[in-house]
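Several structures are given next for inspection.
Two complexes are shown next, each including subunit A; its partner changes from subunit B in the first to subunit C in the second.
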Partner chain A sequence: MRLRGVLRFHWARDVDEALSLLRAYEGKGAILAGGVDLARSARTDIEGLIDITGTGLSYVREDPKGLRIGATTTLSELLFHPLSREYAGGVIAETLRLVAYPALRNVATIGGATVSAHPWADIPTMLVALGAEARWRNEEKEEKASVEELYKTQFRGIFREAILLELVLPHWDGVFVFEKIGRNAGDIALLNVCAGLGLREGKIAWARVAVGARPERGERLPWLEEMLLGKEPDENLWKKAEEEVKERIKVGSDRRASGEWRREVAGVLVRRTLARAAGKAVK
Partner chain B sequence: MKIYFELNGRPQYVEVEPGESLLSLLRRLGMKSVKEGCGTGECGVCTVLLDGKPIRSCITFAPKVQGKRVTTLEGLGTLEDPHPLQRAFVEAGAVQCGFCTPGMILTAYALLQENPAPAPYEVREYLVGNLCRCTGYKKIVDAVLLAAKWKREGRWR
Partner chain C sequence: MAVILKAKREVVGQNVLKVDGLPLATGQPKFTLDMDLPGALVGKILYSPYAHAEIVSIDTSEAEKVPGVACILHYGNVPRVPYTTAGQGWPEPSPYDTVLFDKKVRYVGDRVAAVAAETEEAALEALRKIKVEYKVLPAVFTVEEALAPGAPIIHDEEDAEGIYDAKRNIAAAVDVPIGNIEKGFAESDVVVEATCELPYSQHAAMEPHCVIAYFDEDGRLVIRSSTQVPFHIRRVVSRVLGIPIHRIRVVKPRIGGGFGSKQEIILEPVAAALALRTGRPVKMALSREEVFVSTRTIHPAKVRVKLGAKKDGTLHAIELEAILNTGAYGAHGGTTLYNVGSKALPLYNKARNLRFHGKAVYTNLPVAGAYRGYGANQGFFGLEIAMDMLAEKLGMDPIELRLRNHIRTGETSPIFEKLGEGREGKPQVIRSCALEECLRIGAERIGWYEKRRNPRRKGPWAYGVGLACAMQGSGITGVDMAAATLIMNEDGSFRLLVGATDLGTGSDTVLAQIAAEVLGVPVEKISVYSSDTDFTPFDKGAYASSTTYVSGNAVLKAAEEVKRQILEVASEILEEPAEGLILAGGKVVSERTGREVSLSEVGHRAFYVANQRQIAATASFACPESPPPFAAFFAEVAVDTETGIVRVEKFVVVADCGQPIHPKLAEGQLEGAVVQGIGHALYEEMLFSERGSTVNSTFFDYRIPTVLDVPEIEAILVPSDEPTGPFGAKSIAEVGIDGPVPAISNAIYHAVGVRLTRAPFTPERILAALRTKDKERKG
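Right after this comes the complex of A and B.
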């Protein structure tokens, strides 16, 4: 445990109480759910921990807007929930099986993963591809934004004074798939891709592709999505998509992988995911 | 602050520091099978079961176990009466320095509760977050498969 200097621990009974406590600490309080990142934080300024796992934010529900996932739902709860296994061709289960390992998934929450949003993380890439909407509340009001838009802002500042309530994943008439490359199943991604396709009368009606761990956080490739629209899904198209990605994707180098390697692999992963999504969509 | 929880089937009402790790609390309570390795939740040697599910005690704040059940290796078997998983680890030669073994056994125990007939790849997948620097994993996987076989034969539940 790296976190030092904690003086008090609170079990908030509801979101209002958690927000009130957060304000009372004047920047020296921290919201705690799974605590995976917080426990590893070297911050020394946190005096109060506010546990929100008892505030009723652990759920998975379906309504006409989509799949609603409460922020404190653990990755294991989500992974094994029947609704998430059925959603968009099973992409949630497919992704979460590749995130860390059971002991971490048993405590890490979907809200924590959304707010931490490490650049190499798999869940943000999936959420961006799926067009997820985030809903949060501060002491004054409730707000919402697409996760994709949220990540273009200084979103961490928002969550110093607000609590993420839930994610809403829209319904899709099609299939998404996810793939990553890491050194083993529990390791962080060297590159990850989430791609989805919808087919109508044998042609691509919509396409969404996000690539993450580039080493930057997952972003969609709108130029690729546009290129795929109205085309017949076949090997030639996937090959063209691969070439396009290799030419246009923005990648960089870090200590885990070179930009050159990422450029090459991004093309291959996009080709594979698109082909697999189309195969599943036809079925 | 004081918290109440159940440790290996026995009620505990103990004083904890608000920022204390569960690992630290358990070792204070004499559960020396729970080791500190990386201290960041990566290596798995500090694994314990919380309400039957494996978690990392080094990155779990002690107050979070309020009202819950914690199981350590001490709750599974004893020197005189080892748990079949412990026997399987000995029989398969899956222990060398032994530092990772408590975490391996508790994780394997959780796996076999969920899936009594795992394929070798499923054992490897479930144990992926538990690191061993001695045995090379093959014998650990063999041990879990042996314990699974004994479980299916009704030798333990």
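Right after this comes the complex of A and C.
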């Protein structure tokens, strides 16, 4: 059994209460959302669990800034929400459908996924590609940053004292797609790719490509995005993108796959996702 | 798929409701741990962190001070009795190379000490406080290392018995020549050779190993365990702890799966020893990680098959070499080794020149044991890939090649006599075989000829179809015995007491059907009780595909005797000879007069009225033959040539298990075995660190197929009629796992032209093979 040290469970009524409880534990409390990661945590020092799923952070809304997703929204709620189905060519559903399995998605939250940010996970790759913004609050103030920037910092430390409130996914005039390779259904990724394109007058107006589980966490490939700008989307371009990725991408080995395999297949997945995104964008 | 049965029967051949279906579906407490005993202690085990080490000293003084700790056992305070953890018939064919606690540890996960405490927390704290000083020894993690000259000797203890060659780390060995193999290859027109490798894998039964041991009011030891072998537990615990057999009772409640992992006596002697020392009940339950690390695995194997054939496809020589890694202890090592040859080789009995040789080798890795298939899957992996290569080289259709060579009704193979259960076997003639029909139907269902001729290609996806054949046995000839007791109640219902252990297979239902058919009553009139060494007669247990055939025959004999007794009472009532009476539909009817008497009337008369006696019988069946079930497996796969991903698109398995007693359950056995086989083919492999510890000991890391991975599976039964089987039945439990790995490998070959011989066939391995092939073509 994990989390052997837990003594108390708190049902926070709002974010303020959760934050003051968190401070009171002086590092020995943990925010509990879906709990699928916490349940596997080897930490024995946690004494108090602070459940935030009743603090009003479960929602999906749209406004001019983009799609706003409350941190405690479960992956299933998000997957089946009409707004997420329409967003950026349906990439949210495409990604979440490949995350774990239904029983887990029914409890796991988007906030938990953002904070845990496992290197092998799919959701961080998607959030980085989409340019998602994270908004959080500690006892003093509310802050925000792009998820991409956040992941370059010691973000886990931030969330020892803060609560992630929501994610804002900007509107895109174009389409994103997502692909992943796992060993079997419900497996974590051996490699994942999220790619998006916007077309103007038959040329690529913008491109965003993130590759994750390399085995490191999903990051964009700015050199590739630049290379694509202004080009006509066609098979040759995708082939060139594939070659470029195979040449330049940083990959590594772990016990699930070798760097060699990841290098080759990253190129393939980038070609496939770009071609598919372009195809969808034209329609 | 519907089954056409030879004779119209009332109960046998019908998909009756599973006798334990309702309580299972409604979550009734029926499993080992669903019993609370007041004052029970929790037992926990301390495992070795080293792959090979001597224990210099153990200091339990700090651990004993932990509040709630009742007892700590280790090599220093228990008797040393060599035994085998393999739950097999007596005398056990596996070496006695295990003791309860040893001064030496042989793998990461080996038992060092056991604690019983009031709570799990206290037990765990005590484990942390046991101070063990180890002298670490060099370890070997591959068969090659273990066999190399100068390798550390894993079993250097003097009191071990039955090890083939302990100094060379060989647990068991075999070399059986038939005819002249060298001459056979020399005379062959075509020769091919394949070497296939199956890695460490897990049974992954849903319910982890667990046990409760306590002393009853008469001071007898009761062991309630999730086991496949209650009677073997009783015998082995008696030996290890020196308690007479009559002072031990073993109860097997419902089991959440075993697949061979519970044909092993692992926790029971430990829990019993803790209960004995403390006088308190002791509960033990392993976590999934402990199951991975410290119970049993499949026998990893390297199997080399060389085939020689004449131009027309007739096999002339077969050499089969099997090198098994039996891990740190030799449980089931020799018998699994023998089975590689004894199950695979008779299938193609046209070859006159044979050689089967191999070894089961100790290493400092987890202990291999019994696993569904039991060597047959290892053997057919090599054999069926070699057959595919041979067909290609001969330019012959793989089905045609099998048809030309496979064993038929009325035929035999010298292998039956040469290879038995870790020793010589018994001659046997095949009395039923529908493999030809299985191949025909399977080919049709998968669209074999069309798909072989015109393989599909869609973008990067290449499609292919492949096949494999296999056979198994039904029980162990000359070893297995099962008994059944059938008792009539006065209302015309019956109690069927069997030592047979339904481990989720549905055998309680199958055995009830056999009794019901003979007695002319519906299954609901038979209450099945399995198994309890105090109340049910002996049965070898659930292994070797034996329950339907061996235990089923015992039930059949008992039922026939009870029927005879019923007719005797009825003849007293109806005042006419029993010969003219028919037992059917819950009553006895006179053929001559049409007069009838209900079973309830028969029961009441026997109990209370005249000539009073209990209508009951116990019958035994010892297994003089082991009729093999046969199966043909057809896989259609799609291979992504750019990533190496393989998808099984469709799987057809067609099997001859004689007359299926419960077709739906039999199909379920096939489907489950195919899914397990797909796991072996595509995902499953235990991985070890450089120090020999299991690194993927969770289902998060170690992937098994889930319902989302299961392709369209068509499981078809082609009935034959086995004259020695109960109502013509043979086994079905294991044969289904023998074919998926080679069938999928052969299908991949058909799709993309690369031979995968090292399971699992991961995207990485497939892509590497494709790139090697590209290079060869260019180079």
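Here are some notes:
Quick note on the criterion: the second predicted complex is superposed on the first by the 282 of 283 C-alpha atoms of A that agree within 3 Å, B and C clash if a C-alpha of one lies under 4 Å from a C-alpha of the other, contacts with A are read in each partner's own complex, and residues count from 1 in each chain.
Throughout what follows, a contact is a pair of C-beta atoms (placed from the backbone, for glycine too) under 8 Å apart; a residue touches a chain by one contact, two chains touch by 3 or more.
Treat the numbers as computed from the prediction; the structure is a model and nothing was measured.
For the composite obtained by overlaying on subunit A, subunit B and subunit C cannot both be accommodated without a clash.
Legend: residue contacts after superposition of the two complexes on their common chain; A:Val268 is shown touching subunit C, with no touch to subunit B.
Applying the stated contact rule after C-alpha superposition, one finds that A:Gly252 touches neither subunit B nor subunit C. Once the two complexes are overlaid on the shared chain, A:Leu3 sits against subunit B while remaining clear of subunit C. More residues of subunit A lie in contact with B than with the other chain of the pair subunit B and subunit C.
By the touch criterion defined above, A:Trp11 lies against subunit B but remains apart from subunit C after alignment on the C-alpha atoms of chain A. Once chain A of one complex is fitted onto chain A of the other, the partner contacts of A:Tyr101 extend to both subunit B and subunit C. By the document's definition of touching, both partners, subunit B and subunit C, reach A:Gly186. Common to the subunit B-facing and subunit C-facing surfaces of subunit A are residues 1, 4, 40, 101, 184-186. Looking at the complex, you find that subunit B touches subunit A at residues 1, 17-21, 23-24, 39-41, 44, 47, 50, 53-56, 58-61, 63-64, 66, 107, 110-111, 125-126, 128-130. Interface residues of subunit C facing subunit A in the complex, by the touch rule stated above, are 120-121, 642-645, 682-683, 687, 695-696, 700, 703, 705-706, 708-709, 762-764, 767-768.
Touching subunit C in their complex are the following residues of subunit A: 1, 4, 40, 101, 181, 183-188, 190, 255, 257-258, 261, 264-265, 268-269.
Listing the residues of subunit A that touch subunit B in their complex gives 1-9, 11, 32, 35-36, 39-40, 49, 51, 53, 76, 100-104, 106-107, 184-186.
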